[in-house]
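Chain lettering (A, B, C, D, E and F) follows the sequence in which the chains are written, and residue indices restart at 1 in each chain.
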Amino acid sequence: MYIRGDDRSPDQLRHIKIIRHWQSVGEASVLVSFGKTKVLCTATFDSEIPKWSKGTGKGWVTSEYEMLPRATWQRTKRESRLGKVGGRTYEISRLIARSLRAAVNLKVLGENQIVIDCDVLQADGGTRCASITGAWVALKDSLIWAKKQSLISNVDEVLQNQIAAVSVGIVNQTAVLDLPYDEDSKAQTDMNVVMTKSGEFVEIQGTAEGATFNQAELNELLKLANKGCQELMKIQNASFNV
Amino acid sequence: MYIRGDDRSPDQLRHIKIIRHWQSVGEASVLVSFGKTKVLCTATFDSEIPKWSKGTGKGWVTSEYEMLPRATWQRTKRESRLGKVGGRTYEISRLIARSLRAAVNLKVLGENQIVIDCDVLQADGGTRCASITGAWVALKDSLIWAKKQSLISNVDEVLQNQIAAVSVGIVNQTAVLDLPYDEDSKAQTDMNVVMTKSGEFVEIQGTAEGATFNQAELNELLKLANKGCQELMKIQNASFNV
Amino acid sequence: MYIRGDDRSPDQLRHIKIIRHWQSVGEASVLVSFGKTKVLCTATFDSEIPKWSKGTGKGWVTSEYEMLPRATWQRTKRESRLGKVGGRTYEISRLIARSLRAAVNLKVLGENQIVIDCDVLQADGGTRCASITGAWVALKDSLIWAKKQSLISNVDEVLQNQIAAVSVGIVNQTAVLDLPYDEDSKAQTDMNVVMTKSGEFVEIQGTAEGATFNQAELNELLKLANKGCQELMKIQNASFNV
Amino acid sequence: MYIRGDDRSPDQLRHIKIIRHWQSVGEASVLVSFGKTKVLCTATFDSEIPKWSKGTGKGWVTSEYEMLPRATWQRTKRESRLGKVGGRTYEISRLIARSLRAAVNLKVLGENQIVIDCDVLQADGGTRCASITGAWVALKDSLIWAKKQSLISNVDEVLQNQIAAVSVGIVNQTAVLDLPYDEDSKAQTDMNVVMTKSGEFVEIQGTAEGATFNQAELNELLKLANKGCQELMKIQNASFNV
Amino acid sequence: MYIRGDDRSPDQLRHIKIIRHWQSVGEASVLVSFGKTKVLCTATFDSEIPKWSKGTGKGWVTSEYEMLPRATWQRTKRESRLGKVGGRTYEISRLIARSLRAAVNLKVLGENQIVIDCDVLQADGGTRCASITGAWVALKDSLIWAKKQSLISNVDEVLQNQIAAVSVGIVNQTAVLDLPYDEDSKAQTDMNVVMTKSGEFVEIQGTAEGATFNQAELNELLKLANKGCQELMKIQNASFNV
Amino acid sequence: MYIRGDDRSPDQLRHIKIIRHWQSVGEASVLVSFGKTKVLCTATFDSEIPKWSKGTGKGWVTSEYEMLPRATWQRTKRESRLGKVGGRTYEISRLIARSLRAAVNLKVLGENQIVIDCDVLQADGGTRCASITGAWVALKDSLIWAKKQSLISNVDEVLQNQIAAVSVGIVNQTAVLDLPYDEDSKAQTDMNVVMTKSGEFVEIQGTAEGATFNQAELNELLKLANKGCQELMKIQNASFNV
């Protein structure tokens, strides 16, 4: 039987922590931790929208993800100094933005843009899922702020879905939830799942890293993901009731 | 009931065409068409591998995807002139490379690199799936070439899996196979699935564009994808028996 | 006596093929072949003109030339990935644009821009000449399209000149027409000539690669070029009478 | 008389906090706060040195400074997305590196490089001084780590100077210490001073923002800076005695 | 006692030369030499101001500094070809601009921008100080030109300060004025000082290159700098009385 | 009859000046003027050659051309700040390099590289021709230097050809030599010709700007170009006999 490095049961999340208003500046600043993974998520509510969106009556949600150079055990080079953003960074930024757009009714948002920044302060696997989970809280905070400024009329009408994200994977033939870097790097299959409160899917990104996977394994992974996402959403909600 | 724009039944592929040796230069050049979508896929067998791979005894498969400016109805700007590669381009390039790595036994490949180039000559939806499907044929051709050059000893030991890819989606509450641009742009859910001959999954990328999707819908989509991929693999194989 | 690798006589063109409407999208898409050299030329008719041109009542013709990475025997790196366009690419793009502007009456074109894209699908010498020759056909097709859209009132008044281009050079002391890569790389002198139907010059770009050339040699080369261009223009015209 | 916005006396520092090992990864990670200004400083000890330094027997200290997009009240654009690092960022990165090189005996360091990363998590004036002050602690921690790894033989021989930095300025004709953003933006003169334990200068960067300054004002500012730096060095030292 | 390489006394400037109207184009073109250091300074008076400045009624002064590749003994690579401007170039450009803004009353300048270009034709130390000293003359010439064009109403009201800059440093325990490259590279302390006619400071940038410096040394260096700047301002003024 | 703006006869050069050793640094520094056009040409003799050239026994000549921002009446933006080199700059850099390679016997040069820098200090038409003409002198000076350093054994064996370049064009139906900007901008045909002492051609670049040109006009232009180049070569030679 497979014993996880941190003694968690296969269907157990790491220690999750969500701290709202971590920065004293800005309308929405959330520090989210999935174990040792720490991401600072901010949401900027902006009345300036992209050109192609003007006059449509609809808003937009975009996102930029980045890692600090020493978020990792080995220092990685800064993309600003390299003069270009890498493929992985773009891919994750786009995933975060797509996921959060699914949480928002863009028509009700009106011609406003929300810019989500996810900066990984420490990386131990699952940074994209932590980013999405934290960003949803920041997004909500930015809407609460916008409501106070009378920029929108109702938070819940804009925020049509609650979403959270978690990674699942198959390690040593065992389906496990919320993989740290150590498990991630040896997983045969690796999947990131974004779900809603009602258990529907927003995004499924599954990759056969070492071995292909079949329908039965897929089903097992999605069941685990659902369990994880439901727990994460409780923690998201609890952060508003501190 | 939903009638498709091109009168196909929901589970029907577009007209698929695979032309090997389309260019007279190069070890592997494949022109693949999924209806009006046309992608030129080449595979370059290179004895030069990335630095981090040297001395590991293992090879690598990488990929670059790009669209010609007038592959589309509206001209898009060249990324070379913009001075940077866009997020979408990176995302697709990475998907193609990951998928094809799942087809290859990197240890048996030895310290060689295969570079897959997918250039979209005409785009009408499904370019990433056409790219993967065509690239598998080009990859095989490059291995046949390498075998002739005695750079590898056996094509089938290197090429451990046959793979193909197809898009599926939900349009007007109907699950459909192989979406052209027109359907793609109005799909509620959009999924790209890469599968093996034995019906296992290599990649699943599902996105709720307009509406989230549930387990039942997912299962229906994956069944369609399996049907499409199996047919595509027959066409791939037929291209070698001309 | 010098025998050419492909047994052509010194004053003979390679097999030339011009296919109009090669892509089903776009107002003008031409696949031109000079032997193994294949270039896809498109022309985009755009009502948006450069800033400095606004209010002048005159239009503009611009061009972008690029090679696919496996257009060549050895793979060349993508300029988009390098983050910058190379000097050779710029030089050829500018030559194509200048040549086609000489074909067009910019005043009669009015405040419209035509963007010529020349993408080399296969390169075996003479790509810039094939590009210009094919681009003229695409340019004409875009004007035919614009006339149908009532964006211009008369094709022939805008298209004041018919032009074609061919390379000539001195190989083994022999003046030859339309050099493939193999001859190009060993030519002492290499010249690209753009001419009009009436035999006037639009561009002459002659370079002493290995040995300088004198007036007599120049005259012989220009005579060859004239013969080649006149034949190319017949083929251009024939492509409209299919 | 001038009353400061936060009721400090003119020669009083903001609340200073230095937290070592803020990240659980890396050899040296320090979170430093000067009031609301928060900078994460890390030091990476690297056996790889720049080319021009190889074979000289001497080491090097370099630095990269950057601000998170929402470190500020208004979101600033990411330099990675802009594709280039701004002048201000370069200027501060170079100041930090020069200052810390003055703290280190590069010969005793041997052919090793220390890379200092200063990422501003929240910006309220004085970010470059906070960076230098925190970076010195991180630098020391990286040397303690290197000693444990037997990469250097003695921490104190490498770390020849203790340094700290503080801003001083003239606001409303009053010389003040450690200016927050609010004072910084209205200062007539603004100066950043880097000093050693023995009260010597490492760097003086004084700028007449609104009004030029004379020798008497300079002397008053430098006296204030000395007081501030001495207090900062006590806090640096205290952080090692927790 | 320390003998300087060029036999100057410690408080002596190199041979200074200021040639106005060096180029026949442009409103202001000044070739300034500090010994072998030669900088071409131009000032462009521009009615187009930066966006953030529009509507404020105030003008702006900006600057770009660059070195020719063979300004130096060893050829340095062109920043244009590297595709990015280096940190040193940015730092100096910013220093020149800040210094000259201190010379100008931006309100009286009105919504106009002056762009200072400083191109180092030959570099032998002190290029930033030569740039500032020459740029002040070019700036004045551009204002004289603007007055003639009735773009401003009075030169002296715009040009509120005369400024010049000089480097000072400690070499072999001796404080010296106006260091050539040879002294600069072995200086323990290196300082660039920008001053006004009335002896006030605009910028002080002092760096402990090899050894830290104390208050007494600072005072001695600033005294030298004042002497040098006053002499430079006489030469600036003389250039207008040729 | 056409009267030139500067009263020259149609076949007359502008006032030409060649100053060797203009910079006191570097092995070869030449300031060349064609009337108001001033270009600083340097040649750097480098034992480091491009990778693809190593082991061939042959050397290389390369070139970089650039204009100062205020070389022109209107300020042009710096390519370093734009982050990319423009097409015109590349085109001219390549022309200069090709032309000078024709002057050099690369085999006799051995595995050395000569880097030609041409920086336009003032631009009034004909900058590429002035660059080539001045660069030949700089190239010779760098070979004289290399001979003194015993890096080559004989200057004249390396420098197999003397070359110079001049522009010719048709203005108001009149063929004219050495066009200033004013004539250049209204020329119907514009041609740059690089020739050798023996009257052979190195490069011919002719462009129909406004009107196409015929063989008779071409011949007349080339005759003028020959006259101009022969005169320029006398001035080149005279510069060595000062």
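By our rule, a contact is a pair of C-beta atoms (placed from the backbone, for glycine too) under 8 Å apart; a residue touches a chain by one contact, two chains touch by 3 or more.
Note that the structure is predicted; figures quoted are calculated from it, not measured.
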item	value
Joint neighbours of chain F and chain A, given as chain labels	none
Chain centre separation in whole Å, for chain F relative to chain B (CA means)	51
Whole-Å gap between the CA centroids of chain B and chain C	33
Whole-Å gap separating chain A and chain B, where each centre is the average of the chain's CA atoms	27
Centre-to-centre distance between chain E and chain B (centres being mean Cα positions), rounded to whole Å	59
Residues of chain F whose C-beta touches two or more other chains	83-85
Overall pattern in which the protein chains touch one another (line/ring/star/complete/other)	ring
Circular arrangement of chains, read from chain A onward through chain B	A, B, C, F, E, D
In the complex with chain F, residue positions of chain C that touch it	84-88, 90-91, 93-94, 98, 102, 161, 191, 196, 198-208, 212-215, 218, 222
Interface residues, chain B side, partner chain C - complex	23-26, 29, 36, 38, 40, 42, 44, 46, 64, 66, 68-73, 75, 78-81, 83-85, 89, 115, 117, 119, 121-124
